[in-house]
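Okay, so subunit A shows up in both of these, paired with subunit B first and subunit C after.
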Partner chain A sequence: MKLEVGYINITDIQFGNECKVAGGTLHVNQDCLKELILSDARIAEVSFDIARPGESVRITPVKDVIEPRTKVGTDEMGIFPGILNKVKTVGMGRTHVLKGAAVVTCGQIVGFQEGIIDMSGPGADYTPFSATNNLVVLFTPKADIQPHDYEQALRMAGLKVAAFLGDLGKEVTPDVVETYETLPILEQKAKYPDLPRIGYVQMLQTQGLLHDTYVYGVDMKESLTTMINPTEVMDGAIISGNCVSACDKNTTYHHQNNPVIADMFEENGKSLIFAGMIITNENVFLMDKERSSDWTAKLCKMMGFDGVVITQEGFGNPDTDLMMNCKKVEDVGVPTVIVTDEYAGRDGTSQSLADVDAAANAVVTGGNANEVITLPKMDKVIGTLQYVDVIAGGFENNTQPDGSIVVELQAIIGATNELGFNKMSAR
Partner chain B sequence: MDILITNNPLCRDYFADIYNVEFSDISAYFILQKVRDFVHLGHGVLTHPRAGGLPPGTSPYKSVLLTGRQDMKNSLQSLEIVENSVKAYEKARTEFSEKHLEHFAKLDLSLLAPNAHKKH
Partner chain C sequence: MIKIVHYINQFYAGVGGEEKADIGPHMQEGAMGPGAALKAAFGGDAEITHTIYCGDSYYAENTEKASAEILEMIQKVKPDVFIAGPAFNAGRYGLACGSISKIVQEKLEIPVVTGMYQENPGAEMYKDSIYIIATKDSAAGMRDAAPKLAKLALKLAKGEKIGASIEEGYMPGKARVNFFEEKRGSRRAVEMLLAKISGKPFVTEFPMPDFDRVAPAAAIDVKTARFAIVTSGGIVPKGNPDRIESSSASKYGEYAYADVNADPSTVYETAHGGYDPVYANQNGYRVLPYDTLLNYEKEGKIGSIHGKYYTTVGNGTAVKDSAKFGQEIAEKLLADGVNAVILTST
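Up next, the complex of A and B:
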């Protein structure tokens, strides 16, 4: 499959009367977006704000971050297939991206919520979304709505806004065009007979309310481990419904810009063959964990991989899935490198993972989520600070007299991301 | 019948006819200790005791499903998983404000019964 991606550089977002992309600025008419969102009766009110890199702004509680993208020159394929558009297979043809822009959804779904993005100060270094121009969408649900209904409404609204903005780039000439291509197995081998065939196993968080991931509209916890073409992921085939574990969840933006996929494509045909991608789930029941990891190992063997990279999402019980995947894949003779993060206590001396295995002898870490950071007061808060004491990584009475807040890194969106989409690691 | 060890009243009621429910109004840490006791008697864990993406001490509720049969006496996997979970909860907070209890209870229920919200 071959996908051409045109990147349109966005350096600013402005509110105005029109919706358009011109001269690197994304112009947004709020009324158009309001109409789009309020067509869902579950949402009572919506408002918008803009947060730019370097501003004294804190956004919280963040639910999802989404990059505006669109399919070009096709009526058949659409971004976020099976969810917002037809279920038609994507990952081919041409896609335009508003690079440097992001849609950030923000709102309280349950009484405890999490996810901080600081646009400046020390916290900004820990989240990639301090470097994007963010259109923040703030929701107020209808009274007495159930959390699962609200989560779905909010998730869909974010995707709709991102797709709407992405469509504004359909006719714009991109600043950069990149091509990503995967070949059928036999052609790979014929073209690069001496290179190792390396696969990628992506584990997706799938535990239930507020912890789900969707693939072509399928709730991934209901799926067997399966295969996907990496270019499909770039077109929004995987979207996040995961509102928990801010530091190491994969937002939809992370999926669209998966750095493992990017790096594997970069090396494809040079030091390795990017031979295929497997997606698997992280369920609650031990039987599901056994079945899914059995299938991961089986597919790795069937594909004849010479090695795989395995990435995790979340922490705690997914550590068990990670170790099962690692051990079983190694047992069928395929060497692994795993990417995870650590909960090693505030002083870094506790056991990092909830589960371990001797087979995990090549480990990349995204950092220690328990590390404590003081976030200075910001001039402006988009959303509310009402929950910073109950968010994961927050603690009671953590707001200081000077307005600064003390949190663990796990409160910051993407701080210890397990796709490697962050700046922390260890050697 | 499989055994559900829980301190969540929503789970107690929802699973009353489905599992042998062992309900106790004790902290998540003590629920995990109770789970460990059952594992030592030969019951196996069916759900991961650390299900969900919330760190220890975030939610007061904990529900773990175990096999009704006691033929797992040598299940190192069950023992390891439960021991690690107990350890993770040793220092977990046990005091919670009343205002979010309902949401925590629903979330805990959803981990074991993803479609439970359709019936509530």
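Up next, the complex of A and C:
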């Protein structure tokens, strides 16, 4: 499967009368977007704002971040298949990306696990979204809406806005075009007979009760462990619908830009063959955990991988899924590296994971999510500071007299990402 | 000026070798022996006001007495930081440096730093409690060790943030500290995997710890047992009176049960931030099964029910804190004659 991706560099977003991409600027007419969003009766009001890198701006509570992308030269395939567009295998043909732009969904809290994005100051170092030009969509739901309904409405609205903006790049000439290809198994080995065949196992958060991830529209907690082509993921085959703690939830943007996929493609044909990708779930019942990890190991063996990277999403309960996957994959003779993060307490002296296994002898960590940071007051808040004490990572009276906020890194979107998106680690 | 007390053994004090290893502790003003290299490394930012030396055998054979004598000496001087060694690969010296440093840190609450070779038995024993700079295996390593010891000592004295072990040069174990790598995690993972499958050396970023697994207790007679419920599902009296946090809980609550005939949505709620609270808020007994237990008691299936329940939020809460809560709760339950506990999580 072969996908051509054209990256259109976006260096600014501006509100105006038109919706277009010109000279690296994304121009947005708010009325067009409003109409798009308010077609969902569950949303009472919507407004928009723009946050640019380096500005003294705090966005909170943030739900999801999505990158505008579009399929080019096809009426068949669409971005976010099975959830926004019709079900049709994606990951082929051509995709255009508004690189440097992101849609950030924000508004009255859904659960507790929304987060913070600071566009400047010390907090900006911990989130990748301080470096993107963000179109923030602020929602007010209808009164008395149930959290799961609100979550779904918000999720769909975010996808709609991102797809709408992505479409503006259809006719634009990209700044950079890259090609990504996964060959059929036999052809891989014939082309690179001396290179190891490496696989990627992505664990998706599927604990239910606002912790779900969707693949081609399928709630992944209802699925057996399965395989996907990495380029499908670039076209929005996997989307986030979860409220795991902000620091280690994989936003839809993270899925679209999965760094393991990117780095494996980078090495493909040089030091390794990126031989395939497995997706599995993180359900709460022991029977589900056993079944899914059995299947992970079985598929690794069937694919004849010489090694796999396993990435986690969330923490605590999924640490058990991570250890089961690691141990069972090692047991079938396939070496592993796992990517996780830590909850070692604010002073770093507590046990980092809720479950461990001696098989996990090669670990990459995204850092300690409990570490505390002081976020200085910003000139402008998009959203509201009303929830900074109750979101996961906040605590009572955490707003200082000078307006600064003390939180655990847990509260910052993407801070300890377990796809290995960031440079942060811990020792 | 930052005041340092430096601890060394009889050999480095120039008193003698094995034949003098049984001498008790002595304190002398100024730097001695390896203190000269530390002094140079401090470059005037700190002063070794006193050096304490003690025979390795004396310390090993009379640890309680020796440490008490040394504590008394240190208390008189009131240093800002205590430095011991470095002991390099000298086993008894390393154990003494680790032991006295840990005692000073705990009893006098003075920051401490020591140094030794990674295979010194003192390293394994004390690296989880104190900062131990990793040194070479002989005194030839003093040139490398002195600047690291001095830098860490100064940071501790000034109350500055201590970086990760890999940045500061101390042995991992005491605390996990964040820092920024040069490459992103996914790249590090791919490189680590390529090293692992080709048999090349690699260093895991998180060595697996010993995991405490609890063996199931012996069976009890439920018909006579006194039951309590303990939950990490966050069920609290409506309004969350103790403000238990939605994540990373710093406390647990001890509450009497509400009237079981009351509408549960009016008397309970969950403080837990890790799941959709709708169903727990509708009916707290979904997490705290007191109603069912009460029926069991009426039907004679169980002995009795303790009148109080204990609750906290298990979401992102550090294992160390959970263990502390568990210990305290268990003691209270034992004191109240409870011998059966139903633990519910979410």
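The working rule: the second predicted complex is superposed on the first by the 420 of 427 C-alpha atoms of A that agree within 3 Å, B and C clash if a C-alpha of one lies under 4 Å from a C-alpha of the other, contacts with A are read in each partner's own complex, and residues count from 1 in each chain.
By our rule, a contact is a pair of C-beta atoms (placed from the backbone, for glycine too) under 8 Å apart; a residue touches a chain by one contact, two chains touch by 3 or more.
Please read all numbers here as calculations on a predicted model, not as lab measurements.
Novice: Quick one: on subunit A, after the overlay, do subunit B and subunit C clash, or do they fit? Just give me the call.
Specialist: When both complexes are placed onto subunit A, subunit B and subunit C end up clashing with one another.
Novice: Now for A:289: first (subunit B), second (subunit C), both, or neither, which partner does it touch?
Specialist: first
Novice: Touching A:8 in the superposition: subunit B (first), subunit C (second), both, neither?
Specialist: In the superposition, A:8 touches no partner, neither subunit B nor subunit C.
Novice: Looking at the overlay, what does A:62 touch: subunit B (first), subunit C (second), both, or neither?
Specialist: In the superposition, A:62 touches no partner, neither subunit B nor subunit C.
Novice: Regarding the shared-chain residue A:410, is it in contact with subunit B (first), subunit C (second), both, or neither?
Specialist: both
Novice: For A:364 in the superposed arrangement: first (subunit B), second (subunit C), both or neither?
Specialist: A:364 contacts subunit C only, not subunit B.
Novice: In the superposed model, which partner reaches more residues of subunit A, subunit B or subunit C?
Specialist: In the superposed model, C touches more residues of subunit A.
Novice: For A:51, select first, second, both or neither according to whether it touches subunit B, subunit C, the two together, or no partner.
Specialist: After superposition on chain A, A:51 lies in contact with neither partner.
Novice: Taking the superposition on A as described, I'd like to know which of subunit B and subunit C A:273 touches: first, second, both or neither.
Specialist: In the superposition, A:273 touches no partner, neither subunit B nor subunit C.
Novice: Answer with first, second, both or neither: which of subunit B and subunit C does A:249 touch in the superposed model?
Specialist: First partner only.
Novice: Between the stretches 113-121, 131-139 or 275-283, which region of subunit C is in steric conflict with subunit B after the superposition?
Specialist: The listed stretch with clashing C-alpha atoms is 275-283.
Novice: Kindly list the residues of subunit A that each of subunit B and subunit C touches, one partner per complex.
Specialist: Overlap of subunit B and subunit C footprints on subunit A: residues 111-112, 146-148, 207-211, 245, 315-316, 343, 351, 354-355, 390, 392-393, 410.
Novice: Would you pull the subunit B residues touching subunit A in the complex into a rising list?
Specialist: Residues in contact with subunit A: 44-55, 58, 65, 77, 80-81, 84-85, 87-88, 97, 99-100, 102-104, 106-107, 110-112, 114, 117, 120.
Novice: Mind listing the subunit A positions that touch subunit B in their complex?
Specialist: Checking each residue of subunit A against subunit B gives 110-112, 146-148, 205, 207-211, 221, 242, 244-245, 249, 284-287, 289, 314-317, 320, 343, 351, 354-355, 390, 392-393, 410.
Novice: If you look only at subunit A, which of its residues touch subunit C in the complex?
Specialist: Spelled out, the residues of subunit A in touch with subunit C are 111-113, 125, 146-148, 196, 198, 207-211, 245, 259-260, 262-264, 267, 271-272, 306-309, 311, 315-316, 335-337, 339-340, 342-358, 360-371, 390-396, 408-410, 417-427.
Novice: Within the complex, which stretch of subunit C touches subunit A?
Specialist: Touching subunit A: residues 164-167, 172, 174-190, 192-194, 196-198, 202, 204-209, 211, 243, 245-248, 250, 273-279, 314-321 of subunit C.
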